[in-house]
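For clarity, chains are labelled A, B, C and D in written order, and residue numbers in each chain start from 1.
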Amino acid sequence: MSFLNIDNVSKHFGSLVAVDGVSMKVEKGECRAVIGPNGAGKTTFFNLITGMLPPTKGSVSLDGQNLAGVDPSQRVKLGMARTFQITEIFPELTVRENIRIPVEIAAGLRLKPWMPAGMAGQIRDRVEQLLDEGGLTRIADRFAGELSHGDQRACEIMMALALKPRLLLLDEPTAGMGDDETHAIARLIKRIHRESHMTIVLIEHDMRVVFNLADRITVLAEGRPLAEGTPAEITANEKVQAAYLGDAA
Amino acid sequence: MTNDGNSVRFDRRTLLKAGAALGALPLAAPFVQVARAADTIKIGVDNPLTGTYAALGKNEATGMAMAVDEINAKGGILGRKVELAIEDSTSGDAGVAVQKARKLIDRDQVSFIIGNINSALAQAIANVANEKGVIHVVPGGHTDSITGQNCHWNVFRVCNTTQTEANAVAGSVIKSAGKKWYYLTPDYAFGHTLQAGMESAAAKLGGTKVGADLTPLGTTDFSSYLIKAQAANPDAIIILQQGDDGVNVLKQAVQFGLDKKFHLAGAQLELEVLLGLPPEARVGTWVFEWYWNQPNVTGLKEFVAETRKRTGGHVPTARTWFGYASIHTCALAAAQANSLDAVKMAKALQGFKLPPEIALMPDGAYYRAGQNQLIPNLYVGHPQAQGKDDPEDLFVVDQVVKGDDVSPTLEETMCKQDWPA
Amino acid sequence: MTQLLLLAVINGLIVGAFYALMAIGLSLIMSLSDVINFAHGGFLAVGAYLAYSMAPYLGFWGGLIVAPILTALLGLLVERFLISRVYGRDPLYSLLLTFGLAFIFEDVTRYIWGAQSLPYQVPGWLMAPLSLDLFFLTGYRVFMIALIVLVVGALFWVMTRTRLGLRIRAGTLDLETVSVLGVNVRVLRNLNFGIGIFLAGLAGVLAAGQLGLTPTIGSSLIMQSFVAIIIGGLGSLTGTLLGGLLIGLAMNVTAVFLPSATEAVIYVMMALVLLVRPQGLLGEEGRF
Amino acid sequence: MTFDVKKQAPNIIVWVLLLTLPLWIEHAGSYIQLGTQVVVMALGAMALNFLLGYTGVLSFGHAAYFGLGAYGAGLTLRYLAPSTGSAIVVGVLAGMVAAAVIGPLIVRLRGVYFAMVTIAFGQVFYFVAFRWNAVTGGDDGLTNWKRQPLHVGPMTFDIQSNATNFYFFVLAIFALAVAVMAFLLRSPFGRTLIAIRENERRTRFMGINVNLHIWLSWMISCTFMALAGTLYALLNNFVDPRALFWTQSGTFVIICVMGGMRSFWGPLVGAAIFVWLQDYLSSLTPNWQSFVGLVFVAVVLFFPRGVLGILRRRALE
């Protein structure tokens, strides 16, 4: 049994079929990229994994546990954390507070109306550690809403990591960024993957990023699985070239 | 409490400024205060200017202003000028009315307080006035308890009790309509006591109740109540709603043709309601507490003329007179007692008869001793669709009733006055 | 008793139709602009007073047509210069804005026309009951229902058959897409607000025929409209219509059996609907 | 822990002003009951702001819980026990229980829809108070009761006839309530509420059961609102259904916005301005409603951040 096991999921919106019978197996510690042309159903597919949408058919299981009927917040507790295509952070709070909130949640304090004795230092250290890892220490006291696009994205990724997930889902982490920012984010993801052996699934448009990061790649087109394989296999796949790389290149 | 983090974030300068602004607010306001000159006597008015009773409140205010001008023209109270301090009590918020009463008494140091049209507010103000020992005149809140169970030595009332009104009109309704009555009663103290009054008055004359419905204040659609009333097949539908509710229920009853099947009647009716009704809905048998078009009443013509001058040609209503008589009561009490001491003034008013040019009714009016209730004339009659000589002459007086004949006895009122030792 | 109940049902539908008229206007504005228009009752009063003031010159019929149009124009101006300025901000601000406007409307109408209730007359031949048994079916109320049916019918036609209507409906579902497609959202919202206020003005004129005309005539009707919208489902005009009829019915039937619960019953209905179908009877799922 | 004077300055100013209020209020042309009313309204507004400003949930029906507190206190004194303390406890419990029951029905809703449904539910309580004449006194209000002197052990505090003592009594409760709210907002739980305000989706994808947290915040907010309501009833020795009416809710919302929703003391500043302004305007002109309406419009269009929000921004610049 794979760590993340997606079995034949479909999603229909009325007569529109956004995702049609997609299966995917991701092993522990793997970095998987999901690619595909616009409208391929990637984000819908992501939303089926994270529980934002219920699948019309098929099932998703994490580490052997079937996730049918498990709502997004409970999936997070099972170790699933994600970022969004449009960065979702706490704009009116400082970066440090943005990180501090998920750290406290991960420490099991979500409903604590007081800070338990002895926890304060532990929390503070963990926040500083994450700020440092994400390269955010220099901007820790600025409001998240004022940051550059790249810094906001880094902040969001560190917020997801603060939850100590077993599976990290990144929806187009470099969307809308310049070369420098893209490079920095890719480096950050790579380091996370290498240092913590985190299982990562990411949707990405930028092929340089994909081939740089991914162990394996799944290609979707018009809601259907088109191909799956290592970067080298995908590059060589003619169907993929026809459907995707051809017009992307 | 410390403010770490963004959640509860402050800045010192901000708060310094805010604090300064907060402190400066009331400081910037001394001009609000009416001049506290030693040579004026202030009468506080805590009456509605907004909401359902705004129209009635305005008419009472007109009467009060007239009285103040007359008093000042004759040298004021004990040689000092009179001045009104007017506050909007709102039409139904007793919290506001109480707050304003405290403000008038504590801050403006008024010698008298006037109010309120709404019985509940009148009662609430009476409690404050009693606590502070200030003479309080209720111009137009009718609930019996104000000069009954909850009466106070310092609280006087110009308008009638509901029981008096009921006693005045019950005989006429039974004579003209019949003995089986269905009540439509507004659901607040005034309505409850008015219905109880009508029931007890009717019972003495052999009248019976075939049904009753309580309608909440502010009801707009009375059709469901009217359907029930007609199904009970009474001789008369007794409509006890006042103000806007009274307009709505009468308008709808007449649209449904109920005035042709049954007799529509009630107790208290006011000129303000008649003016708001289309001509065809001006029907029924009612009692007026005061009417402007009466023959041979001393000073009435002058009073009407003066009101017209002040209101752009409108005639005085009972409300105008309530306001007028309230203010004069204050001045007369001070003159009679030759003092502004509340207890002395209250004693001076026991059994006091209003002079005819202020009573403005055929048999005059006096404050009944031991109850502080004014006992005036009442006017039983019926409305007319169009005034003959004046568009606002909408009521025909069939019978002038003496207050003494229809008022409950002092024992019946259950008033026990609480004079200070 | 059966007869009483029957009368209550018929009467309830009549009253409900009137609530629906007001609620549909509110609902239109709420679904497209995300604004709870607390000033709706204020506009209703303005419509009624305008008709009253114009009656000597235009008569009842002239007033019936012109007053709602003038009210709608006032609505367009208010939307253009005040309400449109808070679009896109926290809904809190639009609520407070219309709440403040409601205060101003009530006070200004009192200032202009006075607090005294005014007699508004409808033609005499409309006043008489049609039959002795169904005495509450006066010509005026039948006329009122006919007019409401006509206007609501026309509104449904506009919403389903005209370009404006289709755009409004599309905007209700997904404003972003509509604006991407090149529709001027600003104008769309403005016109939509105007239509809503037209209905309020019309409701005002109709109400003045039955009720005393006072500055507070509208504020006493607005709460029932809210409940009608919640029960029927926001974003669904049919739902709002249904909601209006249901609460009219519920109130009148309750008045027969348990008069003191007349007002509370519609809130109980609302709670039940929310419990079972939070989006309202005909509301679309996932909208809220 | 060191005492940071700079950080504490706002708190010091607020408390000095409030504690010395009886000394200066009359010289400032006002009166002590108005000061008490400011504190009561401020407590209500701060309770609302717990939900509105710190959880980002728009309730327009909080007057219901204010009124429930008021009726709870009034009914207790009228029928059950002549004890100010029990009156407060009963009133607060009434508000809390009602909020707990209604919460699950509404926490799924958001935005204007939430606002509208809270108004409509609030109206239920209004109509109960309005129509249940035999118990509540209906439209006439609940009368014939008075707040009672306070007995603490052998000591008796006369809060009944001494307005200044009552002011300090209200202020003490205010201080306690505000301290609890501030403490909660600084806790991990409090931060999840702020997270919901900032970004509900992000918060849900942090594993927070958003509806549960909103329900808790709603209950805390309504409970303190009910506490403010009990004090309001005790202040006037009177309750009527208007304390529950939805327009009262609008008043609390505008107080929060006027003072500054994002500032802890904002609602207090807003209450001071609003209560004073309304008192002042309604003495000045019968058309005070228009001016109050204009204040609403002006705040929305020109000062959406409120007094403290503007001051803070200027200070930052």
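What we mean here is this: a residue touches a chain if its C-beta (ideal position, glycine included) is under 8 Å from a C-beta of that chain, and two chains touch if they have at least 3 such contacts.
All values derive from a computational prediction rather than experimental measurement.
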Intersection of contact sets, chain C vs chain D, gives B
Please state whether B-D or B-C has more C-beta contact pairs across its interface. B-D
Let me spell it out: compute each chain's centre from its C-alpha atoms, then which one is farthest from chain C's centre? A
When the mean CA coordinate of each chain is compared with the mean CA coordinate of the whole protein, which chain is closest? D
Chain-centre distance (mean CA atoms) for chain B and chain D, in whole Å, is 34
Distance in whole angstrom between the CA centres of chain A and chain B is 72
Rounded to the nearest Å, the gap separating the Cα centres of chain B and chain C is 35
Centroid distance [mean C-alpha coordinates] between chain D and chain A, Å: 42
Within chain B, the set of residues that touch 2 or more other chains is 5-7, 50, 214, 216
Can you list every residue of chain C that touches 2 or more other chains, as numbers and ranges? 107, 260, 263
If you look at chain D, which of its residues touch at least two other chains? 130-131, 183, 190-191, 194, 262, 289
Show me the residue ranges of chain D that touch chain A in the complex, using the header's touch definition. 183-184, 187-192, 194-195, 198-199, 201-202, 204-210, 213, 216, 262
Under the stated contact criterion, what part of chain D meets chain C in this complex? 52, 58, 60, 105-106, 108-113, 115-117, 119-121, 123-124, 127-128, 130-132, 246-247, 250, 253-254, 257, 287, 289-290, 292-297, 299-301, 304
In the complex, chain B residues that touch chain C: 50-52, 54-55, 57-58, 213-214, 216, 218, 220-221, 223-228, 230-231, 243-244, 247-248, 251-252, 255-258, 261, 272-273, 275-280
Across the complex, what residues on chain D touch chain B? 4, 6-11, 13-14, 17, 24-26, 28-31, 33-34, 37, 54, 130-131, 133, 137-141, 143, 161, 179, 182-183, 185-186, 190-191, 194, 232, 236-238, 240, 242-243, 262-265, 269, 272-273, 276, 279-280, 282-284, 286, 288-289, 307-308, 311-312, 315-316
Applying the document's contact rule, which stretches of chain C touch chain D when the two form their complex? 30, 34-36, 38, 82, 85-86, 89-97, 99-108, 111, 223, 226-227, 229-230, 234, 260-261, 263-264, 267-268, 270-271, 274-275, 278, 288
